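Two complexes are shown next, each including subunit A; its partner changes from subunit B in the first to subunit C in the second.
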Partner chain A sequence: MTDATDVTGDLAGIRDAVSVRLPAASAYLSVLRTATAGLAARLDFTLDEIEDLRIAVDEACAMLLRQAVPGTDLTAEFELTGQEMSIRVEVSTVGIAEPKRDDFAWMVLTALADDVDAVSDSPDHMAIVLRKRRGAARPA
Partner chain B sequence: MHVLTERNGHFAVITVTGDLDATTTAQLQDEVRAARTLSGDLIFDMAGMSFMDSAGIRVLLDAYHHARAHGGTVSVCAPRPSPRKVMELVGLAGHIPIHDTLQEALGG
Partner chain C sequence: MDLKLDHRTEDRLTIVEVEGEIDVYTAPRLRELLIDLVNKGNFHLLVNMEKVDFLDSTGLGVLVGGLKRVRAHDGSLELVCTQERILKIFRITGLTKVFGIYASVDEAKEAHGRDK
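Moving on, here comes the complex of A and B:
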């Protein structure tokens, strides 16, 4: 018990920021899923929560890749605070693009993440920001 | 992803192993078309499938609509918790029967 509390205490003080840049191609989706799972494990997310994050990041990236300019990069910025993981994924687009909110990808993404924002305010870029808190679905 | 189709009874059983995502759906779609030449009654055996996202859901839904239009059936067996959760999130579980085992799917 004491050990577990200490570990949580240590992690609460960590602010990790990790950036990943990959070709904007679906062949790299599995790499991002693996990175997501590895980073989520650092925050002591449960296995179910890690799986939710893995799926949510995959869906967000798959949505962006449909609008991405071929030959450009996808960037994923992971920020880990004590209780929460925030992920911003971004691609280059032609003009202002909006993610389709009426399809299965958006349905799955919004069900599995605690917060989802589509950021399409600047031309030629589109981003999705998603957040998940540790233990959010459970009573304290 | 690896995919294999075999006839079992009057069913065509499509066994999916590995990750089903945007990179592998076209391969599965081809396999489904080939499987229909064996039988109009399809079972997706997901025991070895480690990951599925909404791209996989679209393949299952296509198979379901095609089966409904042509008098066939589609069912799923032995999905791991994560693919099962995705199917339930989009409401697919209400249309396509999910069996715990292949044996149960073959008997149903």
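Moving on, here comes the complex of A and C:
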């Protein structure tokens, strides 16, 4: 591993915000996973943490895509602070949609991210916000 | 990286080679292959995951679906997987207790031979 203090030193105090907009179609999920990994690497997350984030973002999006209006976009907003990455993924829906919380996707998502919130108060949008902190010890 | 699928039958065991990423986009192809194999009378399946770069819950769902199908014919669906990042997903969902998971195709074949 490279010198972690240098990297965090460079990023300390910087607010990195990155938005990615993609068609709300499963074919584009691999692109978003790659973007997630690249951004997580900027914060010097470990390889395991980067993999966790890749899977967590994928699961969140897979859940949203079930509810997304065909032909619309999926937006992902990444916010990077010194120790944490926060990701909000959002799609357009018809009516108020809730993510299913009793399936494998939710189980995996909540196990791999440190915090997960589903935002479904808007009648035509559904979002999932997930956060992961660098170096936060979690049981495997 | 897309998903590459291949299969061969050795004795009564059908070995499914999976390479690439299994996600919500590619998983339907794996599902179709498993359904097709079962429909053609292959009830003992071994899915080799050693070249899988990515697996999410959609992929897990496909494997569980395959397992249900073969079990309906007194068959088996087992896995070859040693990659920690893939095994982690099985552990999170409790599926390590559901699937037989082997370190190599040879090890799985040996175990399968004993169970005959």
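Heads up, the rule we're going with is that the second predicted complex is superposed on the first by the 132 of 140 C-alpha atoms of A that agree within 3 Å, B and C clash if a C-alpha of one lies under 4 Å from a C-alpha of the other, contacts with A are read in each partner's own complex, and residues count from 1 in each chain.
Criterion: contacts are C-beta pairs under 8 Å (C-beta built on N, C-alpha and C of every residue); 3 or more make two chains touch, one makes a residue touch a chain.
Treat the numbers as computed from the prediction; the structure is a model and nothing was measured.
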item	value
Fit-or-clash call for subunit B and subunit C when the two complexes are aligned on subunit A	clash
Partner chain in contact with A:Ser30 - subunit B first, subunit C second, else both or neither	both
Which of subunit B and subunit C A:Ile55 touches, first, second, both or neither	both
Partner chain in contact with A:Glu90 - subunit B first, subunit C second, else both or neither	neither
Touched partner set for A:Ala111, first subunit B, second subunit C, both or neither	both
Shared subunit A surface residues [contacts with subunit B and with subunit C]	26-27, 29-30, 33, 48, 51, 54-55, 58-59, 62, 65, 103-105, 107-108, 111-112
Of all residues in subunit B, those that touch subunit A in their complex	19, 21-23, 51, 53-55, 57-58, 81-82, 85-86, 89-90
Interfacial residue positions of subunit C with respect to subunit A in the complex	1, 21, 23-25, 54, 56-58, 60-61, 85, 88-89, 91-93
Complex contact set, residues of subunit A against subunit B	26-27, 29-30, 33, 48, 51, 54-55, 58-59, 62, 65, 103-105, 107-108, 111-112
In the complex with subunit C, residue positions of subunit A that touch it	26-27, 29-30, 33, 48, 51, 54-55, 58-59, 62, 65, 103-105, 107-108, 111-112, 140
